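Look for subunit A in each of the two complexes below; its partner is subunit B in the first and subunit C in the second.
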Partner chain A sequence: MSILLRSSEINKLPVVTFAGEDIAQIKDVMYAAHGGRVGGFTLNGRGLFAGPLKTALAWETVVGLGPDAVIIQDESSLTPTESLLAAMQSSGQPPGDILGSQVLTDDGAALGVVIDVVIEVAGDGSSQADVVGYEIDPAEGWGRGTNPMLIPLPDTLSASGEHLMVPAAAREFVTDDLAGFGAAVDDFRAHLRLRGRG
Partner chain B sequence: MPWWVWLIIVVIIIVAVIGGVLAVQARRRTGGVIISDRNKGTR
Partner chain C sequence: MLFTEAIGRKVVSTDTASTVGRVRDYIVDPRLPGIVGLTLSKTSGEGGALPWSNIIAFGVDAVTVPGAAAVVVPDGYLTELAAKPHTLLGKRVLSTAGVQLGTILDVDFDPAVGRLAWLLLEQAPIAAGRLLGVGSYAVVVRA
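Let's turn to the complex of A and B:
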């Protein structure tokens, strides 16, 4: 059993220890460009006047992630933000925020601009979390109206910089409903596997 | 200038400073989705 969460739902979630201490708030979700695996989170301090913390949360130290909180063992689970970012970067280029990036198909059509990211949290909320889709503001040329659409991603996604590439077939599996999005992702990935075999 | 003009000026300055601080703080705390380039494996 897995759950789908938007990154905007994860941002601002409290980070709570087993002792019940509320020690931070999620700021950014960090994920790998290849494969979409969530690697960790940057953190804000608690309270309106607290800024970003110099410590971050690596995914390996997350005990549970649900719709209401992120659970960790204790404060020793936090690591310096710079070392987590360095562990996830191989090129030395600063990591980029993908919100606002343009989504292009591999046949060169613009689908829209990313406004949110859909994350699948597997099993008990601690084993694995992957980026499985983008929520986009559709491009005018696509003719899908102005309502946000959810677009599934392949399980071997590739993304970088300002443009995010998706297979052209992703257009056939878009939905506007998060409840049915898990099935759309599975169908899309099955379609890609079948096409790869054929 | 009468005292109440100074009072209005001081109140406007205080409101502007508080508003500015809150706006900067909200911007600092805004979250996002950071993409990294290290291959963490595929499923």
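Let's turn to the complex of A and C:
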């Protein structure tokens, strides 16, 4: 069983050790593989007035990511932020911020602007957290109203920090709530694989 | 036996047949997982802790001890585990998948050896063998 989470829901989640102590909270999600998966997290201290920490959390040391907490073994799971940032850059960190990028189809239509990132975490806890979609503020010209839409992503994508390219077929798999989105992502990726074969 | 049903139970010395205190709370080591001692209220002496090894029997009406000397000043190990961050009742439960499963309403334990059996939550009980740690923020259990 896997779960879908918005990156905005992950921000501020407590980081809890096996010993039951909340030693930090998530500040930001760091993406690896050109924005295709979660690489790690930058951290804030706990409490109202706590600032950013000098340590960060690499995805490899995360035991579990769920709707209520990020679970790690103990403090030794944390790494210095700088070395993790360097590792992210060499593994293909997306240039710039994904939020605010314009989503363009490969046939040249603007679908909207990214306002959130949808992350799929596999239930067995051992595998990676994939970026499977974006929540977008739909472009006016698209005629889908003004409510945020969820758009599924292919397994691999290209991002420049300014634009995100998606196949034109992504348009047909758009949903407006997270409940049905997992199926939409699966359908969309299956559709792309079929087309790739034929 | 449940944690809540034995709170307030008399602790009686078998040599003088007098009450030496009442059960106030449980000192739990999550690594066992089991009860390693009790904190007592209404004790006469200085100490307020009863190590599990000093107990003769944890009975349905009273906890029996050989004498008043069984109640001691807690050592470092007991003091640390007796501190507030390590209490179980009322604490939120997180699985290692990062999902909150509920809060601990009660704990079922084996009074013969002090081993914890079940953590009782609003929903389904959790086998105490899944317990990983008890801290100030949460009780963490294996998913």
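Going forward, the second predicted complex is superposed on the first by the 188 of 198 C-alpha atoms of A that agree within 3 Å, B and C clash if a C-alpha of one lies under 4 Å from a C-alpha of the other, contacts with A are read in each partner's own complex, and residues count from 1 in each chain.
Methods note: a residue touches a chain if its C-beta (ideal position, glycine included) is under 8 Å from a C-beta of that chain, and two chains touch if they have at least 3 such contacts.
These numbers were taken from a predicted model, which means no experiment stands behind them.
> After superposition on the shared chain, which partner residues are touched by A:22: those of subunit B (first), subunit C (second), both, or neither?
second
> Considering only the touch criterion stated at the top, classify A:148 as touching first (subunit B), second (subunit C), both, or neither.
After superposing on A, A:148 lies clear of both subunit B and subunit C.
> Mind working out whether A:85 is in touch with subunit B, subunit C, both or neither, as first, second, both or neither?
first
> May I ask you to decide whether A:69 touches subunit B, subunit C, both, or neither, giving the answer as first, second, both or neither?
Touch status of A:69: second partner only.
> Tell me which partner A:97 touches in the superposition: subunit B (first), subunit C (second), both or neither.
After superposition on chain A, A:97 lies in contact with subunit B alone.
> Regarding the shared-chain residue A:31, is it in contact with subunit B (first), subunit C (second), both, or neither?
In the superposition, A:31 touches subunit B alone.
> Which touches a greater number of subunit A residues, subunit B or subunit C?
Between subunit B and subunit C, B touches the greater number of residues in subunit A.
> May I ask you to decide whether A:14 touches subunit B, subunit C, both, or neither, giving the answer as first, second, both or neither?
second
> Quick one: which bits of subunit A touch subunit C in the complex? Just the residue numbers, please.
So the residues of subunit A in touch with subunit C come to 13-14, 16-22, 63-71, 123, 125.
> Could you please specify the touching residues of subunit C with respect to subunit A in the complex?
85, 91, 94-100, 132-140, 143
> In the complex of these two chains, what residues of subunit B are touching subunit A?
22, 25, 28-29, 31-43
> Spell out the part of subunit A that touches subunit B in their complex, as residue ranges.
7-8, 11-12, 25-35, 37, 39, 42, 44, 48-49, 51-52, 85, 87-91, 93, 95-99, 114, 117, 130-131, 155-156, 159-160
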